[in-house]
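Look for subunit A in each of the two complexes below; its partner is subunit B in the first and subunit C in the second.
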Partner chain A sequence: MSEKQHALIFELSEPGRVSYSLPDLDVPEQSIGELVPTNYVREEPPDLPEVSELQLMRHYTSLSNRNHGVDSGFYPLGSCTMKYNPKVHEDVARLPGFAHIHPYQPVSTVQGALELMYELQNSLAEITGMDEVTLQSAAGAQGEWTGLMLIRAFHEANGDFQRTKVIVPDSAHGTNPASATVAGFDAVTVKSNDRGLVDLDHLKEVVGNDTAALMLTNPNTLGLFEEEIVEMAKVVHEAGGKLYYDGANSNAILGITRPGDMGFDVVHLNLHKTFTTPHGGGGPGSGPVGVKEELARFLPVPTVVKEEGYYRFNRESERPDSIGRIKPYYGNFGINVRAYTYIRTMGAEGLRKVSENAVLNANYMMRRLAPYFDAPYEQHCKHEFVLSGRKQKKLGVRTLDIAKRLLDFGYHPPTIYFPLNVDECMMVEPTETETKETLDAFIDAMIQIAKEAEEEPETVQEAPHETVLGRLDETTAARKPVLRYQKS
Partner chain B sequence: MSLPKDLKYSKEHEWVKQEDGKVRIGITAFAQSELGDIVFVELPEVGDTIEADESFGSVESVKTVSELYAPVSGKVVEVNDELEDSPEFVNESPYEKAWMVVVEPSDASEIDKLMSADDYEKMIQED
Partner chain C sequence: MNYRYLPTTDRDQQKMLDEIGVEQVEDLFADIPAGVRYKEDLQLPPSLSEPELVKHLQGLAKRNIDTNDYVSFLGAGVYEHYIPSVVNHVISRSEFYTAYTPYQPEISQGELQAIFEFQTMICELTGMEVANSSMYDGSTALAEAAMMSVGQTKKNTVLVSESVHPEALQVLKTVAKGQNVEVKTVSIANGTTDLNDLKEKYDDDTACVLVQHPNFFGHLEDLEAVEKVVHEKKSLFVVSSNPLSLGVLQPPGHFGADVVVGDVQPFGIPSQYGGPHCGYFAVAKKFMRKVPGRLVGQTKDENGKRGFVLTLQAREQHIRRDKATSNICSNQALNALAASVAMSALGKKGVQDMANQNIQKAHYAKNRLNEAGFSTVYEQPFFNEFVVDVKKTVAEVNEELLKRGMLGGFDLGSIDQKRENQMLIAVTELRTKEEIDRFVDGLEEIV
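Now for the complex of A and B:
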């Protein structure tokens, strides 16, 4: 690969070269000083790159080809559910009745869009076992924060101002304690036991009359189902706390079990994970929040209601206890259209198969890889599983090296060094949309890497070998970051 | 792996050096090798009070952020400001250049509860 192929656009610049010619000026020219206050007018022209149109096309096409997404290759990033986004969703989202409308239009002219929102609210409520849903939150983390603010409003309405603590397991996503903190709570850790599940005895110790909520993913971040969830819910509810379900791992449970049936009071879903809307690269995301009836009066307004066949937004006067808006307008509507399309094209049976196959794929991979890597938990996993690179670490090959070596095979590596309670952790989530051949090819690559770690560790330690750039100096990049181009 | 005999060690991988009634605190060579290249160190300020077993700061490496747990309670009387610009000292010189804080302990018995170099070595070998 030549130098020029990964040159920055600035480095391709030649003075005077242009990609585009502006038409002749056909209106009277005005002085910039008359249009813009002089203190805002720059004295030096900006140093913009000067390239031909073809150079420009080649540069950005080459960059886009270097991108890795689900459409270009396997992406088993644990807890992120990087699954295929069916392209029919794009067709539906582009229908003029969805794409060419404005939030300030009279609702009588956008009844179809409101019907979709109403139906999506109801579908997500049914899938999660909740009574009401808001579509406003634009991401998982905003969903978490919204859910916790609802729990906070509930406790405050009951005069329970001493409930300042939110319990999170030590395997939890980092967003859980972060959301708890931003919502004004103190995060308290509950330990996992040697089976990777919440230690019920420790939970009983940390629960008390200061408990606002327990936040949990189920299956948890190790891909394991919290079998004692009903007992845990009882412990938390008896102490007056609420249960918050982080929907990050919902891909394992669709049509099989529901957070509402497990005892959860508040749920968020990541539509960009489980419901196949674009994930990564800015999404945008969507993190609807569902609640049980007793929390519904605190939901953000507006939600969509139906009255005698007519859809409308409910008013603040109808929800005086609402925590208020959490986002302008009505959530990431175009994304919600895609998620609704997914639910309708799959149907109830199809969604159940999604989870069955996601779980089957993960267990197949885990069992085939277990002889070569350390699988720390014996039980079946759900939609994802963890491996520890402990064996390879003794040979001088770290999990980071294994991840880098996978790039040579054209794979996005799994999530690494997370969850924090597993040493040299790799978290693999294959999803249901991959073929057995793809799973086998990835497994074979992992087995080859395990053999290399024993026989020729430097091949792994010095990886990647096949990428445009080799091992990046992440340390210097973090210690002395260079964040913008400067002409040398 | 270097484990100076004159230091005391905590189960959270901090070392403690006793100096005229005060203690100097840092993280062990084992801790820095587990974390990898350190890119940022967050420390308390002089005058802050720290509590044994509670977080008093954090170290960020290329792979993770890890809390620093106070081996003893007390008042912070000195902070190693050099680590702000030179976090690499934690990797290069964990027991010398990368001391983190000096504390005036409020309960001397907490120091006695810490491990000797031999006991700490046993603990990390069992892990």
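Now for the complex of A and C:
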């Protein structure tokens, strides 16, 4: 598509073309003006495109060719767990018995769906070491907010209204403090120490009788396991606070350790990360929330219960202390079908191997890349690791340049400039589904880029060279926003 | 046991361990305190081979009655519509569905452009100037609109009509509690928002007024009258709207809405037991920088070629952290793509045709039911849903309909006991005259 501007579908439009087919109306037709008051009848039809079916397919096929997914090539985007999305999941989720069932059908007509949800609730509770799970949250961020609302309800039920603060590490994902805010808390930052772990002494300083919760990913966003987790849990619990586990990094811990055993009270999981449901270009995800027994009565309604072999939703009267509804219907069911299918594929042993191989791959890459980039932390990493580009920065090559240069090799770059506490950060997460050959090829590309930074920095600084477009002007995009197509 | 998603062989593993300088994989987990190291096997059902797995899932799916086999009159926020075959083919392109958020625009132009086109289509349908890339669903979009209004106006009460979807109202209340915002409900009179109650409750602290149009009962709201009240004291006018209805109905933007939200499920997204669907969020231009979620903007690359990027990101959680007014990160991108493809396939003509078939068939069904002696509970203009008194409890009637291969309408008694005889009936373009007649005949027999 280098020859000319890639057309928008609106620019392909030609009046009179269609790409749909409906039968002729088989009931007597009345004018709309007779059915609704005339001032409610649309005057100008929405200007949607008018294209033929082949035009439509070519348009979207050509767009897909301008997009990089896991199936296109390596995608080591740290913290996002871009692992392989099994194809059989797509098949089963499209079975009519899952895809074409209505949320208000009588539960007697959807027992298969409820059984699946019930079994998935139980499996996720077992994997996380929690007592009860809700499948309602649509994504990780909604799971975080739900979990914090549960903690708030718990404290308030105890008459404890002064717990207004949620502690988050400086390395936390941006959703953590944002979720704290929208759940009505103030976010307080706890520092990391020079080993990349939460500074326990600082935690002791910031914790107090105003602490509602500590939010933590473990392993943390640097890919490092919080070794002092038991001590941290004790500090927070003794102060009357709760521990929240952000499951973004649970790909490192399946069958290895469980948040519930580490002392966490509330957990969310990102099924679109650890449990292989496709990222979809940005969603949909699913963010189930698990809790310990003492928080279960606050869970959003409804969850699935089983009674004498029959599945049903619990009634609101059975959960009088529920925080209420957080999402219509029953969560992203279609996504939950895929996660259930994955768990049934892997079983307990398979899931443990997932984490073992994810961690093996990450450590292998980190050790091989350490001579060329700064690896700021000594210890073994878990499923991901960070590198700093500060050595290259001195040569005038920024981490952004390295990322753009990787595009020329056909790779999606790592997450960059995050976490915020590492200068020129690159966060690499290979996942367990990649072969050693793929890891080696990526490592070779990174080594070549490190050499280019020394010998011919402009090759890196001016990258990418091979993509359909060069670097895009994001400043103008934000200053003079053009957010929709307008006919010229 | 072999695992098809795990390619690392014993030989690979040995080489990698040698490079790392440890003896065994277990050594990589030495930093996990022994007390919390999980030593047993997780108690999970056994692993299944692919043929066993497919059989098992098919077995579960078969235990559900689906709307391919049963004639459905269920709606109430989730609708069975024509899904052009192209939709599934496009969203099955794994370049789309195995990608994540387009953080690297040079290799994500496909997704970015598709979202830009989605934003444009939503603006066209709603009559608004700016639309975002998607929200989780219509209900959470409505709650986000309320919170945006609070942030914008610095007022702390939201007024919501009781004629919005009851689950949306519940979600709004949960979200509002989180941000210590007060929710006041406006009662219903004759199946639509009670304007007198609205005027009574509207005051200086009203951040916004939220209505649904067509509302939960299928009726059109008097948007003109509501708008006059809402803008009296500079509150925001938020309208939740079924986007398909806008193929024949004047868009909320025409009536001065500040924010229009809803769910694009009617366009190319199967009901799938209630999710994933896809919320949309559209605003007047002056609120562009207050919109939650991701926005795609047009720009140029260094050679002057048109391209697209995520833009105005300073609004979002990854930049603003605890100062962000919304925490949304992952959204419903693939569903937005499905909706875009469906809207492209229907196009300008098809969206009017399909909307027209809905309103015509629903009115045909209503007239047939009236003729058969079933009264409509309200005489209000409606789109593709309406409320009928079926003379017996809807629960009983639906059980009988099921035996006749039909899924009856939504049981309003499930949300309000006084309404146990009231059925909310949805009639889409997929219902044939013959099916509607059979439904009416069935009801006559049952009652």
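As a working rule, the second predicted complex is superposed on the first by the 426 of 488 C-alpha atoms of A that agree within 3 Å, B and C clash if a C-alpha of one lies under 4 Å from a C-alpha of the other, contacts with A are read in each partner's own complex, and residues count from 1 in each chain.
In this text, contacts are C-beta pairs under 8 Å (C-beta built on N, C-alpha and C of every residue); 3 or more make two chains touch, one makes a residue touch a chain.
These numbers were taken from a predicted model, which means no experiment stands behind them.
S.K.: Of the two partner chains, subunit B (first) and subunit C (second), which one does A:Tyr417 touch, if any: first, second, both, or neither?
M.R.: A:Tyr417: touches subunit B, not subunit C.
S.K.: Once chain A of both complexes is superposed, is A:Leu351 in touch with subunit B (first), subunit C (second), both, or neither?
M.R.: second
S.K.: For A:Glu454, select first, second, both or neither according to whether it touches subunit B, subunit C, the two together, or no partner.
M.R.: neither
S.K.: Between subunit B (first) and subunit C (second), which does A:Asn39 come into contact with in this model arrangement: first, second, both, or neither?
M.R.: Only subunit C; A:Asn39 stays clear of subunit B.
S.K.: So, A:His100: does it touch subunit B (first), subunit C (second), both, or neither?
M.R.: Touch partner of A:His100: subunit C, not subunit B.
S.K.: Which partner does A:Glu474 reach: the first (subunit B), the second (subunit C), both, or neither?
M.R.: After superposition on chain A, A:Glu474 lies in contact with both partners, subunit B and subunit C.
S.K.: Now for A:Met262: first (subunit B), second (subunit C), both, or neither, which partner does it touch?
M.R.: So A:Met262 only meets subunit C here.
S.K.: Considering each complex separately, which residues of subunit A are in contact with subunit B in the first and with subunit C in the second?
M.R.: Dual-contact residues (subunit A): 474, 478.
S.K.: For subunit B, which residues are in contact with subunit A within the complex?
M.R.: 36-37, 39-40, 60, 62-64, 87-88
S.K.: Quick one: which bits of subunit A touch subunit B in the complex? Just the residue numbers, please.
M.R.: Within the complex, subunit A contacts subunit B at residues 400, 416-417, 420, 474-475, 478-479.
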